[in-house]
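Here chain A shows up in two complexes: once beside chain B, once beside chain C.
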Partner chain A sequence: MMFTRSVAAIPLIVQITLRQLLGRRRTVLLLLLAGVPVLLAIVFRAANDADVAGFATGVLDAVAVTLLLPIVAVLFGTAAFGAEIEDGTILYLLAKPISRWAVVAAKYLGAVGVTTLLTVASVLVAGAIEMGPLGEEGAAATRAFMAAMLVGSFGYVAVFLTLSLFTRRALLIGLVYVLVWEGALSTLLPGIANLSIRQFSLGVANAFWQMAPDEARLTPSTALPLAIILVVVALVLAAWKLMRFELPGGTD
Partner chain B sequence: MSATARTAPAGNIYDLGYRHYEGKRHGRWYAVWSLYVEGMRGVWGFGRPMTAKAAPFILTGLYALPALIQLAFSSIISQSIATGEASARDIATYSDYFAAASFFMVLFLVAQAPELVCRDQRYHVLPLYFTRALGRADYAFARLAALTTAVFMALMVPMIALFIGDILMKPDTLKAIGDEWPRALPSIPASALGALSLSSIALALSSFSPRRAYAAVGLVAYFLLMGIVPDVIFQVGRHAGWDWADKLMTLNPTGAISAAADWFSGAPLVTTGRDGGLPATLGADAYVLAVVVSIVVFTAVLLFRYRRMPA
Partner chain C sequence: MTVQLPPNSDGDPVLAAGPQTHVTLPAPAIELINAARWYGNVVAVNDVSFSLGAGVTGLLGPNGAGKTTVLHMLAGFLAPSAGTVHVLGRSPNRDPSVYRQIGLVPEREAVYPFLTGLDYVRFNARLQGLTNSDQASRDAIRRVGLEDAMDRPIGTYSKGMRQRAKVAGALVHDPQVLLLDEPFNGMDPRQRLAMMDLLTEMAAAGRTILFSSHILEEVERVGNDILVMVAGRLAASGDYRAIRALMTDRPHTITIRSSDDRRLAASLMGDSAIFGVELGAAGLSVRTAHLSVFRRLIAGASRSAGVRLFEVVSGDESLESVFDYLVRR
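What follows is the complex of A and B.
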């Protein structure tokens, strides 16, 4: 009874989450950010540049994977619960007779859905524009980076969603994590590759299009299981935390 | 009505009839000065808990770390240069320091610029400022001056460390000061220009969000995009033979500031390098111009934002 009711509630919570995430001014800014790879693809097309590796590292890796993906994921991932905690409306969600894991699953699906849509679409449009000069290899690279965006969205959003249940400053901490761990340290220290979402997503992308070994350090057969483990651990942790969730300022 | 109109310019302490104020009234400029001092203390976290001091001091320390290491090992470095183990070109100089360590300075701005302008909007204290003798432009300029001074101080820490280190490397201290002084001096105007440029960008962008975290995300996005996008377009344009693409390189704030530092010190621009370097077609004066234009534009944006902001 509880189980079926919880499952039945998921689509509605997803719908509410989508409305909460998208109806803000920041969505416009994120759309602009997602437009940057497209803009660069137009520049490449205008120059009739046929350098697949240059397009892949300069646009798809440097802008889409390094910048667009973590920023979109940190904003949507922390806002899925963060906005409800801030407004206090999470009370109405938790008071319903719905299992907490179902709430986590629904919030996760909503946030992952928007993140994936925005990032994968950005890479797809950019790749399609640049398809003319690049040809078949360009299509392979585009597919690879679409896979990277998919894996990266699932990984980042899971981590940030969980983080937002443990601290109210999740957005700042997530930003520092993206800049320091994923940005600076994962390029300086190769050993971090096994613990970096960026490397997981690039590793999966390797299955579609082989990248330079110092760019994507993991093989697809290592990266995908690691990413799945990360998502499962993060979501179990989130559900566990939500079961013990105390509303801020609930003592008075 | 006429009574309030007559007394309004003289003072900004409202006498509601409960408690009278007989003391000295310092007026508008004293209010601006107070806001400036308070802003400076806020950037460095003075008068706040230790957690507020952590970010500015740690990031300044990380920014200055290479120079401090060079200072600490200056005697060993001078020995290895003398024996030929190290080349004099390997050590950091005043004009190329910012380019190498600017990541931490950008983080400093991402952490501290929202501190100055976001909280006042979020907790609705701006009306309290604006109903005093302080105008909206005064508020914006006081905040900008506070952040610029703080960033300038942070930028000067490694310059002073390099100066002391270079003197200690020489056998004759007094003569070394005389030799080193003209080379170190250009770093002062270069740092001032860089501080004003970075601060105007960071404050103007931060002022659009009342939430510090969102402002920080916006700043990160702006600085990273401006570091990548012009460079990518320039590299593409170089292969395609576009002669306009080189001018885009002046849009990168940190790149333009470090090239402007070369203009002040007279050092040649690095036009070759691992990543291709700066375009050879642009002189250092183009970057100085770009930095000045960016200061004017972002200060105008900041003033515009505060003019239109609902208090």
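What follows is the complex of A and C.
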């Protein structure tokens, strides 16, 4: 009974989560951000620059994977629970006879959904504009980076959503993680590749279009299992934490 | 609130003796046994014990007394640091299945602003797994008197309307236990009376209802039984009227400024309701046990003495001082 009720609750909570995430001003901001790779594609095309590798590295990797993806993911991932904890509406979900894993699953699906939609669409449109005329290689590179966005969305959102259950500063910590760990450190220390969501994403992208080895350090067969393990561990941790959810108290 | 066995014909309490007189008492719906909760060095609730069955009970106390902490422990959102908290015989902490039988109205005002009132209640009904969620939601909306506004987004609601939408969402699954944190906040007097009637009606149908309030008068109409909390402890519990009498019959000090304090003092001294008067720089201090008697007395006394009143201030009327008095008793 509890199980069926919990499964039935998932689409309802996803729906509420989508309305919460998309009803906010941040969505407009993120739409503008998602437009940046598209804008660059238009510029490249206007300059008649027909270089698949150049656009892939200079725009799709450097802008879409490195900036757009983690920023969209950290904002939606931390807001999925963060906003509800902040205003107290989380109680309307938790004071229900449904398992907490179902609440985590629903919040995750909602946040992953909007993150994927925005980031994959950005790459698709940008790729079609700049690399559409470049034949099969251009199409392969576009597919590769769409896959990177997909894997990255699942990975980043899982981590940031879980983080938001452990600290109220999830957004700040998430941004520092993206900029310091993924940005600076992983370029300096190649070993970090095994612990970098960005590298998991690029590793999976390698299956569709071969990247330079210093850009994508992992093979698809290593990157995909690591990404899956990361998501599972993060979500189990989130459900564990939500089961122990306590209201901030002491002030009456 | 304590369970007593009826006396036999000799007036002695009947004791369970032998299998033929085996008495089984129903387990209380709500039970706290020496429950405490602290945060680091701050004690929010200290050694509180009570048990409640069907009926409406008011949890009364000034802000910061620990009412919300007690309600959150009962709702399973705070584990007691010591002692036991049971709802319907189970620990509500870390057991979401208990919410099939519990309705919770939290103090925080926020409700999903983009949902209409009806959609919000229906959302609650569906998460409860009700098969007749639409009908149950409309019934709940009707019970809180929100039919006219049910198709409007909650974002456009007044505070009192939001409060009623929250209550409708909490009772849509007809819970055995209803916990409400300051439910009358933001309601106008008419809405307040309607809500009190609703709670009384649910209690008559065998539900256990516990609501918190920091306003004495709010309890008056619903709560026959009240629990008074002060500074994390249970200061008093029992019949509302008895506790109310204790609160109003305590000594009051009233400070008066008038055109002639000395003359007014002499005129007041003769009445038995007045314990003492004192002339000071701030004016005339009067001590009395009965505020209502004093109110009538002062008007007559000033008139007969030909004294004009500039100011009459009751010095210790804050709820905190009332509770404080109860604790010291």
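Everything that follows uses one rule, which is that the second predicted complex is superposed on the first by the 248 of 252 C-alpha atoms of A that agree within 3 Å, B and C clash if a C-alpha of one lies under 4 Å from a C-alpha of the other, contacts with A are read in each partner's own complex, and residues count from 1 in each chain.
Here, contacts are C-beta pairs under 8 Å (C-beta built on N, C-alpha and C of every residue); 3 or more make two chains touch, one makes a residue touch a chain.
Everything quoted here is computed from the prediction, not taken from an experiment.
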Kindly say whether there is room for both chain B and chain C on chain A in the superposition, answering fit or clash. fit
On the A-aligned overlay, A:195 touches which partner chain: chain B = first, chain C = second, or both, or neither? neither
Using the touch definition from the top, say if A:29 reaches chain B (first), chain C (second), both or neither. first
For A:48, is the partner it touches chain B (first), chain C (second), both, or none of the two (neither)? first
Included angle at chain A between vectors to chain C and chain B, based on C-alpha centres and rounded to the nearest 10 degrees: 90
Mind working out whether A:92 is in touch with chain B, chain C, both or neither, as first, second, both or neither? second
Partner chain in contact with A:63 - chain B first, chain C second, else both or neither: first
Just to confirm the value: shortest Cα separation between chain B and chain C in the superposed three-chain model, in whole Å. 16
Can you check the complex and tell me which residues of chain B touch chain A? 103, 107, 110, 212-214, 216-218, 220-221, 224-225, 228-229, 232-233, 235-237, 239-240, 242
Which chain A residues qualify as touching chain B in the complex? 26, 29, 33, 36, 39-40, 43-44, 46-49, 51, 54, 58-59, 62-63, 66-67, 71, 74-75, 169, 171-172, 175, 179, 184
Listed in rising order, chain C residues that touch chain A in their complex are 37, 39, 42, 44, 63-69, 72, 75-79, 94, 96-100, 102, 104, 106, 108, 110-112, 114-115, 123-124, 126-129, 169
The chain A residues in contact with chain C across the complex are 1-2, 4-5, 8-9, 12-13, 16, 19-20, 23, 87-89, 91-100, 243-247, 249-252
